[in-house]
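Starting off with a structure, shown below.
Labels run A, B, C, D, E and F following the written order; every chain starts at residue 1.
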């Protein structure tokens, strides 16, 4: 199975909270994880990123897709 | 600084690829990392997730927001 | 009315489920439907897609915008 | 393989356009296809949707994830 | 025309930058403008928002859909 | 603090609606606001946008990230 997405993290379910329409699941990512971000070249220039820079990666939970075998 | 998002990962820039309009940056995530996914309760039931289950978290790179101090 | 989006599908409402903050609507798409996906060129190469390949298109329901005349 | 997403459409690759960082793939969806949209309950009330209503579903191509066996 | 989305801003095109696959358009928004954010209740509690608080609204350009009559 | 996103709007919290899993916050944007949209070059051509055109910018509330100092 191959995904048209750069970020594929192995994770373990830690907790599940069920709501009327939406639910939230929390995971622990334990293995070495690489991530990628696509942004406008203009935003990249404003950020002035260099290899080795420390950043924070912010992702809304709604954008995380869980896949199970 | 507080973000209205469940996923905040510390990471280090590993590579930068610059394009005409869009660019891609790759990061190494400092572990361990917790992540959260919001999905419909119906999708949750179809996935039949339980605490301890192993899953894969798929995130398109376009949904990853890099923030730098 | 023209939209800055590649995917415009005609559909019929089949069911509506109302929640406190979020709701879910289900649709039936009946006409021949074309869809498009934008992904990183790197993901495309990993997928190794060729014309005629069978794929599955996965879209979180939160990303589907309903428009009514 | 199960996905934490309501929309899973079978499709065939029709064309591929490769760019520097991003690429676009077009598909033909095998019908019939069901789709779901999650929106705020407030938006739902403004739309005043009823079962049987005809709507248009607009999805930006960047939100479509292609998965291949 | 009604949209299943909380944010509908009137705007004027200021500049257009065309790339191979993706393009970027900049707009000036006609004020005053109301916007809405949906987030997890947990994120809301962490943000500790109160009516009258000053915040910054961050939106990736890929999530902005332009519609023209 | 710098964000890898083109849209950064200053806003004031007007109302808060709390749900089981998801919540909604409404804001008033008062200062001159510029916004940007990234779309496929093909969608741009279909829209036939020109500088000075009036458009509507539609953004689902789930894509708006609130950030607080």
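Basically, contacts are C-beta pairs under 8 Å (C-beta built on N, C-alpha and C of every residue); 3 or more make two chains touch, one makes a residue touch a chain.
Please read all numbers here as calculations on a predicted model, not as lab measurements.
**Q** Mind checking the rotation angle between the two copies, chain D and chain E? C-alpha superposition, nearest 5 degrees is fine.
**A** So the copies are related by a turn of 120 degrees.
**Q** Using the average of all C-alpha atoms in each chain as its centre, how far is it in Å between chain B and chain D?
**A** Those two chain centres are 21 Å apart.
**Q** For chain C, what residues touch not just one other chain but two or more?
**A** 2-6, 19-25, 36-40, 42-44, 47-48, 58, 60-63, 65-69
**Q** In graph terms, with chains as vertices and touches as edges, which category applies: line, ring, star, complete, or other?
**A** Contact map by chain: complete.
**Q** Write out the stretch or stretches of chain E touching chain F in their complex.
**A** Those in contact with chain F are residues 3-16, 18-29, 31-41, 44, 47-69.
**Q** Under the touch definition given earlier, write down the residues of chain C that touch chain E in their complex.
**A** Touching chain E from chain C are residues 1-5, 21-22, 25, 38, 65-69.
**Q** For a test of understanding, state which residues of chain B touch chain E in their complex under the given definition.
**A** Contact set of chain B toward chain E: 2-6, 19-22, 36, 38, 62-63, 65.
**Q** Could you pull out which chain B residues touch chain C in their complex?
**A** Contacts found on chain B: 24, 39-40, 42-43, 60-61.
**Q** Of all residues in chain B, which touch chain D in the complex?
**A** 17, 19-24, 37, 39-40, 42-44, 46-48, 58, 60, 62
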